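Some structures to go through are shown next.
Same chain, two partners: chain A is paired with chain B first, then with chain C.
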Partner chain A sequence: MYPAIAAPERHSVDYVSQGQPEGPSIQQGSAVVPGEIVFSSVASLITGHGTYRSVDASSTNIGEDLSSAVNPDTLASVNGDPGIQAGNIHTSLTGRVRIVNKLVYVEPPKARYFGNVGDTVVGRIVEVEQRRWRVDVNSALLANLALANVKLPGGELRRKSEDDERAMRSFMKEGDLIVAEVHEVYKDGTLQLHMPGTRTGKLGGGCLLRIPPSLIKRQKIHRHRLAIPRMDTLDGPITISNEVISVGLILGCNGYIWTGPARAMDIGLGLSAPVEADLNTANESELLAERIAVCRVRNCILALTHNGMPVWETSVLTACEASWSADQQNDDDDDEYQLEFETSINNDSSGSKSRNRIARLLHPEVARRLVTLVQAKLKSDY
Partner chain B sequence: MAEIFYNGRRVDGRRPNEIRRVDCQFGSGYSDGIVFLHQGNTKVIASVVGPHAPRVKGDGTPDGATITCQFTKPPFASTSGERRKLSSKDRSANDFATAIEEIFSCVIRTEKYPMSQIDIFLEVIQSDGSEFACAVNATTLALTDAGIEMDCLVSAATVGLWGSHVFADLCRFEENPRISQLTVVCLPNVHLLSGVNTEEQIGQWKSQPQILHTRLSSWLPVERLQPLITEAVKVAQTLQKEFSYWLRGRVRSGFITR
Partner chain C sequence: MDTVLLSDLERFYLVQGVEVGCRMDGRGPSEYRPLEIETNILSHATGSASIRIGETFIVCCVKMEVGKPSLTNTSEGRIEINVECYPTATHRCNEKAASELEERLKTTLQSAYQLKFIDLSPLCIQRGRQCWVIYIDLLILEGAGNLLDASSLVVKAALLNATQSNSLLLSVFQNNSESLEAGVQQFHGDMLPLFITVHKIGKAYLIDASKEEEACSLSRLSLVIYPDGSIGSLEQDGCCSCQLESIVEMSQLASIVGKKLNHALVKTLELERQLRS
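Then we have the complex of A and B:
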């Protein structure tokens, strides 16, 4: 029998040295854990998301009533009950404390989407019920999309009838991706979606990512069209050309990010004809170049997310430009490439290594270096 | 077998009041919260999915979230070399899963997520003593990493009584019938964490009940059980302080967006 040995050293961030508690007071941006008292019971603040007040059960006896009656300067109780005093403000989430005027709430780094009216969300249809669709939007409950809130194909404006109810699966069926807006948030947390205007609708072929909703910056426009430099092959020589490929990007506030060809983003909106009809006009090299550009955007977003960087249009575009510049630089210095990164794929029978320029963005070292470049560029721009 | 307690040292070299080294790894995957927790050589992976809509229609309750737990142990988990396949009807695993469901039904603020479901998946990768306590600690970290609102951080610890000595955080060699084992799941004294405290609040918090769950392996008289519970609560609060350090450090190492 051997005695139990200690756990081996881990190559992880030393969280313990950074996790010291705060000083005697909680301020804006302090890191808190659940159960911590951030303010005492005399603070006249409103508890928000992630905070709660504990009810003091010991203050309901007669002595407390007499002492509060004798002392007229005692603060009036929040509940209006003379016997029950408001307790301390505790936190119930791990995150950072935010204090806005008299509201105190906690921002968790990773949570599910809880819904705001007017947010653009990307969702996937999981069920078709009578007169409504059930949509998964990465929230605590499924969202509802009523038949009365969607646009008809062709854009005609009329009331929905029973024929439309029977034809609901021809509009959108299970598994389809949609982009919609939050119309209403019910009391139990259910979201009611709607599709106003021409910016919402069904999405065509593309790529769906799921990241924490706190990493998406809140902006006015969540539907972007990026100009990505064209690259014809993954492992061949890079031909320098000024051609760009238009890639659509929809940053949903719920953490779902859709990226795909801008053609699919435009055609899908408004429940128009299927996207496959237009594929006949494009040839194979065009489709391959388009797909490589979409995959570059996807891998850049994953690199930003894994390193804790927020995702918005400028950061995604800067990351794509940085990865494009790194591709050209690595082509010139072949020895430096093989020395620094070992993500090359041995495909040729002669032993020479081929490089997948898109897949290597998922390597942790390459991703960290890319995020460092993006942060430096954004800092110099601002 | 070597002596369990000799010259002030235990069988693995620790003093009676020392706990094993704690290491947390927070993962990122398809679950909402993933934690790989090491307490010495006991390793537990806890992953939390949710709150999400119930998969079976009509399964939700309108007053709060439903918490489900699944406790699995692969055959290679034991450090003693014994390989035993765990079936789905194993009483020990189902007992652990039910206990964890009950513990976190009291701690999670379920009224925030009506008609929802929170799934907890626990897998013991390596078992070297204090298995249930490590599973509860991993679940706490995974739930708060998933962003689910909880009243407090729950912590659990296993202590053993050997003669007049109390052993903290038992390992595999100390989990034998000659040592009375007690596992305590308790809430922390939160006034120790922050500086906002007054005299009556200290007295008030110390008088509040804090123990959510106990597991005692054998019968003990009351005068020997009371100091054992006191030591178990102290060990659990020490672990809770360590976990709060890990969580605070993880929040601070993230990217500050404003």
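Then we have the complex of A and C:
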């Protein structure tokens, strides 16, 4: 369901030509299944994640070993270790082969997050223990966030004491969303998180999406502020205005994507309770327009994910622009539009069919058409 | 109840959005997620159907066998509903939550099919000894909210699919004009019920709540809606109570949505039957 798109070919030293087996050759980005031999035993390559070497102990080696023991003077003629020889390189995962110089590993299309030091991750706190929080970051085990690695409210720099241990639930409690960085990866796979600088902290109100981690493109910056064109109603006529609404987007490397108002992304930085007093002054049309923009980003990311497209800032922006252009275009073609959603169930007081522009992105055919437009636009840009 | 873990800020954001009129995925208050219904998916069953609402996935199978009638109604057949839920369909991914969900769905669906609009007397073979038993088996494969509405939809689709291949079921589920009195207005078609669940979130009423919206809902009302828009039994659930005005408004909303959903379902199945033949 989520096919991983092959990465572009990398130009490197050709270490792999010396160990090619018979038949179709294994190249960068080839699809493999578990048990497949990708390189023979003479290849001087290093196995990585998803590959292993089989141990080859044949009877010929035993014979050679006995011959070496009987005749000590011919020991110099034996090449290497006479007992065990390196076997073929097999794969143990379904995915695509990646070759980096002498390292061979497999990238599976759908896997849990295994952790890299320095990655930005979005997680949800599931437990509060004595000196740490347990965070769900879509990995095999729960991640740890120690109290010593968390900034205090207000930015105060001092050692943590017992009073801070007792006040841990007032900082963050079960269910809270955080954005953090991976500090360390332990031997058993547990991740140790920390919150350095001003780019990490607690997140405010928004949407959390769960997609496979392989669909998120690794980049330097994972926090974005998107400018989405403004739309005032879900199904009314489109009033063309030049206003844009700022939508915050955090692409966690673990597959968790947070999107919400840009105000909620900034409020949650200092670990203090977000001030909702200014929301009382905002009127309903402002809230509705802001929410429509966030929903458009959310549905565009889901459309990209369900069609196997990687998610990064440019693709999300292109998808939002394509959906906004499709909204303008679909208002002119009323007959074609109503024919597509003949069986839609809407509680409409008037006789005409209402057309929800944001929710129609959830339909599989609309999502597929949107991703086709995005791919065509990105290909023409590059 | 088995709900997802949400932070307070996410709940506030969701409740505020529902009151403004725009949900988390941009739907209106009474809009369904994309619905996919497929019938005749199992070749060995009398009737079968599968449904997808968003990411909720339920498969239903209808089988008819000869069995013994119940002791209270010796001249009628029986309808037995069984629900099986995969543990991965629940949020906690364990057997206990799946068993609780199975029991609740089984009793709720069974109560909707014990009414007078379904005439089970043609299923009688020999009074007190033999009758036809309709076994309805539900398999919940993925749960993403709104399991009761999806279950009732797929049961109705499977029963309508069974009616096409079994002429005996026509007299059970179709409304014959001979059985009614002359003065009563006759409704042509089936009288199979549907469940419509209305959630009260903040000051708004929602249809087809997702998992996050179910976690934020304080009270919900499940109504049995018949194809002519009439309301059968009501079931109120949740940790809060409802005022009478809220119940009246929720019932009116469910009646309107249920009538349209019934009409859309019957029309879709009719189109599918035309495409097959």
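Throughout what follows, the second predicted complex is superposed on the first by the 321 of 382 C-alpha atoms of A that agree within 3 Å, B and C clash if a C-alpha of one lies under 4 Å from a C-alpha of the other, contacts with A are read in each partner's own complex, and residues count from 1 in each chain.
As a working rule, a residue touches a chain if its C-beta (ideal position, glycine included) is under 8 Å from a C-beta of that chain, and two chains touch if they have at least 3 such contacts.
Nothing here was measured: the structure is a model prediction, and the numbers come from that model.
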**OP:** May I ask you to name which of chain B and chain C touches more residues of chain A?
**Re:** B
Subject >> Which superposed partner A:306 touches (first chain B, second chain C, both, neither) >> reply: first
Original post:
Can A:52 be said to touch chain B (first), chain C (second), both, or neither?
Top reply: first
**OP:** Based on the superposed arrangement, let me know which partner A:142 touches: chain B (first), chain C (second), both, or neither?
**Re:** first
**OP:** Please work out whether A:34 is in contact with chain B alone, chain C alone, both, or neither, and reply first, second, both or neither.
**Re:** first
Original post:
In the superposed arrangement, does A:112 touch chain B (first), chain C (second), both or neither?
Top reply: first
Subject >> First (chain B), second (chain C), both or neither touched by A:175 >> reply: second
Original post:
Looking at the overlay, does A:189 come into contact with chain B only (first), chain C only (second), both, or neither?
Top reply: first
**OP:** Have a look at where A:95 lands relative to chain B and chain C in the superposition and call it first, second, both or neither.
**Re:** first
**OP:** Mind sorting out which residues of chain A both chain B and chain C touch, each in its own complex?
**Re:** none
**OP:** State the interface residues of chain A toward chain C in the complex, per the touch definition above.
**Re:** 124, 126, 174-177, 203-208, 234-235, 260, 264, 268, 274, 276, 279, 284, 287-288, 291-292, 295-296, 298-299, 343, 345-347, 354, 356-359, 361-364
Subject >> chain A residues within the chain B interface of the complex >> reply: 1, 3-7, 10, 12-26, 29, 31-40, 50, 52, 56, 58, 88, 90, 92-96, 108-112, 136, 140-142, 188-189, 210, 217, 306-310
Subject >> Contact set on chain B toward chain A in their complex >> reply: 1-2, 11-13, 20-21, 23-25, 28, 30, 32-33, 38, 40-41, 50-53, 62, 79, 109, 113-116, 128-129, 144-153, 171-173, 187-188, 190-191, 193-198, 201, 204, 242-257
Original post:
Considering the complex alone, what residue numbers of chain C touch chain A?
Top reply: 5-10, 12-14, 16-17, 20-35, 54, 207, 253, 256-257, 260-261, 264, 267-268
